[in-house]
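Both complexes below contain chain A, partnered by chain B and then by chain C.
What follows is the complex of A and B.
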């Protein structure tokens, strides 16, 4: 018996696929193609002149130490923010899964940050962590100069990592909780009867069974940190101080939209796109092998 | 807040009234880049124009900031959907002049019988927006310049009743203030318009070669070889000695907020914030504005203009241009344009007759507006020279960002002042060469 649904009429199949293909073409292939074209030319803001320059744009970008600085910062940001938010979310999900008191309310509460738009998160974090006037100002009164994201690049980077991690926790939490609740209770109870404590059960039973979820979230979090961090960076630090938080995607914005240098921005977009694809490929190729789906 | 609400209501009433006979009117689009209260002032001016006659109707659309207005205009022009008039900030001038998308203002005025006396504009304003040959390609709209804001009570504590004239004098005052227990005598941020461009103009120092870029796209910045470096060193020393402080959104309070709530005793900022401080200051803050400090009082030159101008774009119908001409006549009029703008915002009149009119009507003697004539004194402090005309550099915003980076670098101690400023200059020059190559074969008008 054939379990697959197949279309004998391939025209019908094509017609049904067409709207989706059209969307993908208009919103992905077309702009990407345009960016690729611009990255090999010098495009004037208002159009009108468009000179072919070969790999000049790529050389300008790749030979610029500041570009590599932004790559470095982006990688640190993506790894730190993803790790932090995944760990926090996992912890919260395990707590809620143990049906502690008020877990129904907590469930909603933990998910809420994800419903906030990035600029709103950024604004809140900027206010809370402002060295002179924020809630954190008390720390600076005790230890003057300890916290100053306006001048200290490391503080600023820490701040946007915290903001990004915080805004992703809710999303990760829901997935982990769903994953945990789909684990058969009998397994955990058997473990408990064999004398495994809660931590041991998490480590030996729940975590391995959560591996597919964990892997999925890792891919999503890292990609999101690379491409979706604009709102937070723009509001919290505007890429400063001294470009210490100028993530790759923010540099695309400053060069392309502020500086109106479409070609330079297009070049960086192409590089970023290739990087994200390579990264996702690596994750699927090497990390996924350790994941067992059941 | 109440006046704004009333304003908004009257705005919508006017809009309703004009909608009634909107069908036979000639409509055109005007995009502006002002936001918040300033944006409301522009929208109200549009409504007033629509209510003042029955032939034309302007549709004003705020774009959410100057930068967005420029981006959106570029996108719209490429799609053939550009507005008839767009408000563009001063540093967008180069892109607009090279765009091929502009209907030059002087030509437009001639073609549509606009009676504009170009020589009436203050030279500091007209020269900024004009081409290298002195032709006006846009209509100056909202203008400002930089002045020195000072807290009189703080200066009274050190026994002085007048503001410092020079940076050296300010330094001495700040030392005395620190002695007197004032924590923040002077505040600044990383804004290149105030710290580099205005500073260079009033001291007649070059920012770039070829008359600060007016001479062509081949200009190179030279600010790393002028007393600007010493000026930045002074800022750094002041911060290290506890005389001055950096105030930005990131530290918790912007410059204006820190001055208006009495935290910091002085700053250099745009006159446009005069009304903002009046509206937001703590009770009893005793302050005034004066000319910004210079290096040498005998060598004080005019400061340069900031703000935005109105540009007419190519590719619209003759009817739309006729309507646009009526609108431009309205917003450049002494009463309907200049006085309206000056009264409702912190901006300055842009023509000498407009200024005289305001002055003679006792405008500057009203408590709310007192002191704002300082801006005119600053703009007209000397004849306009090639060094005080303005700055015309490609990708100006990237150069401003370099200044910000340099200041953050030396203030955080990652490099000394000279090194940081020199790197900013080198990177700015790379940006300029790239811009020049993008426009190869084009000539700056």
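What follows is the complex of A and C.
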């Protein structure tokens, strides 16, 4: 049966589509096109004229060791934050799925971080992990200088990884919980009858059956770490110290809006865009061929 | 061989009693069927034996050892689940061998035992397939293989045949019975299908609303149901029940519409004057063309063709009865017919409690011989 609405009047259909198309065009295709154009030109900082330079911008970006530094930091950030967040979310979901005491309240509690805006998360982490007044201040008093994100690049990177992982836990948790609850209880009972203890059942039965969810979340988390980390980085470290936390998306911002080099920023954003498209492609391919049991 | 003993076993879910203190002994090597309508607690009872449900009060003993607080894996039971519960990401051989893998059995021995079990279940050609590539009957056999491979002390079956089509169900029923004959392992089998229970069981436990109504061999349960519940539940069709007032002095049962049935009062020497319920099976009711002092009149409501014979649905003094009628016997719905009963098979129940009036189980002919 054809469930689509059909319009005999194609003008009406066009009119109904127009607002959405306009929005997408103005806020997505136009800027993207502009960025693509700028990446092949040298743009004046305050507008007014430009000069076609071909692949000059791409060459200078790709030959810049500072750019590769930001790629390195971004990859570490994306993988570490995704892995940490997925691991935590999986643990929480397994606990909630076992219906331990208070699981109803915890379920809501674990999801809440997802509702927070990235800058708010960043600010909270900045205060909580402040070297002189935060949670770690006590340890710092015993071992002076052990933890200082404002001076130590590794500490700073760790801090934004923690913040990003924490803000993604809620989202991952909900997916894992839904996945776990869709596994028939009889399967786990059969596992118990076969002699597998709770941990063994997680490892042998629940994890393999969660594989599709796991893969989906991994792609989503990595994508999110590449594009949505601006808020956290800007508030917590502003890319410092000494560019130790200058993620690709943050470098676009600093080069473009602080360095006023629109062309270089546009080039980097095009590269980032291609990367995200590749990830999205992987994800779509995967969802189409999603592993189905039964 | 392993026996199971349940001692005043109770199960409560959030304040509601699901099982009201059951006592039951499963003798070693026995094939015991728990039979009852859905919600009677039979599956809960089995899951408690397996260790998948906690015991509220009472004790479960397997081989004389109290197992209330023992993990399922340590109880020595293997279970076949209603939806098979096969591991969808594992092949047939991995499914069957999982228990051995968990137990740390070396790979070579594992393979040997898997192929032995698969061979006995005709699964050898499917060992590398995933459960999703199997038919219902094959999945069922994998589930049985998974239970068999551990050489368990007790087999537990939780309505294992209810997802199969009718023909396959009969075939698998035979296979389960054959397996039991071969291995002799103590078996508890849950079903709501009384035909399954009758054909499989050494003894049947009929359950209703969290209580045991009757425990007995299939023929005991069929011929001497201890309560109206069992009478109506067992048999296809169940026993027909007719309300009457017993007058033991005159030796008659007065039906509601004024008709009277003579009965053998000597079989129930202690029967009080008052309300009783007659229980009669379809094959014990005969329709005759010749009304007499030994027959009563009933109305034919409906005729069902079964194949080997027909079932006539009768209305006798406002109660429903089913009589078995030969195919060649001329009968029309709506007709008034004379019916007679096999009085030796007649059962009487107390309408207030639903329990059977025991009476003496001496066949009529012998008692007549004794009085003469």
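The rule is simple: the second predicted complex is superposed on the first by the 247 of 294 C-alpha atoms of A that agree within 3 Å, B and C clash if a C-alpha of one lies under 4 Å from a C-alpha of the other, contacts with A are read in each partner's own complex, and residues count from 1 in each chain.
In this section, a contact is a pair of C-beta atoms (placed from the backbone, for glycine too) under 8 Å apart; a residue touches a chain by one contact, two chains touch by 3 or more.
In this text, all values refer to a predicted model and were calculated from it rather than measured experimentally.
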Chain B versus chain C as contact partner of A:231, first or second or both or neither: neither
Which of chain B and chain C A:152 touches, first, second, both or neither: first
First, second, both or neither for A:241, with chain B first and chain C second: first
Contacts of A:184 with chain B and chain C, given as first, second, both or neither: second
Which of chain B and chain C A:48 touches, first, second, both or neither: first
First (chain B), second (chain C), both or neither touched by A:193: second
Residue contacts with chain A in the superposition, chain B compared against chain C: B
Partner chain in contact with A:209 - chain B first, chain C second, else both or neither: second
Chain B versus chain C as contact partner of A:170, first or second or both or neither: neither
Which superposed partner A:122 touches (first chain B, second chain C, both, neither): neither
Intersection of the chain A residues that touch chain B with those that touch chain C: none
In the complex, chain B residues that touch chain A: 67, 70-71, 74, 77-78, 95, 98-101, 190, 246, 248-253, 395, 397-398, 401, 404-405, 408-409, 411-412, 414, 427, 431, 434-435, 437-442
Interfacial residue positions of chain C with respect to chain A in the complex: 50-52, 71-73, 77-79, 81-83, 85-89, 98-99, 102-103, 130-132, 146, 150
In the complex, chain A residues that touch chain B: 42-49, 51, 60, 66, 126, 130-134, 137, 148-153, 156, 236-238, 240-243, 254-255, 257-261, 263-264
Residues of chain A that touch chain C when the two form their complex: 184, 186-187, 189-197, 200, 204-205, 208-209, 211, 292-294
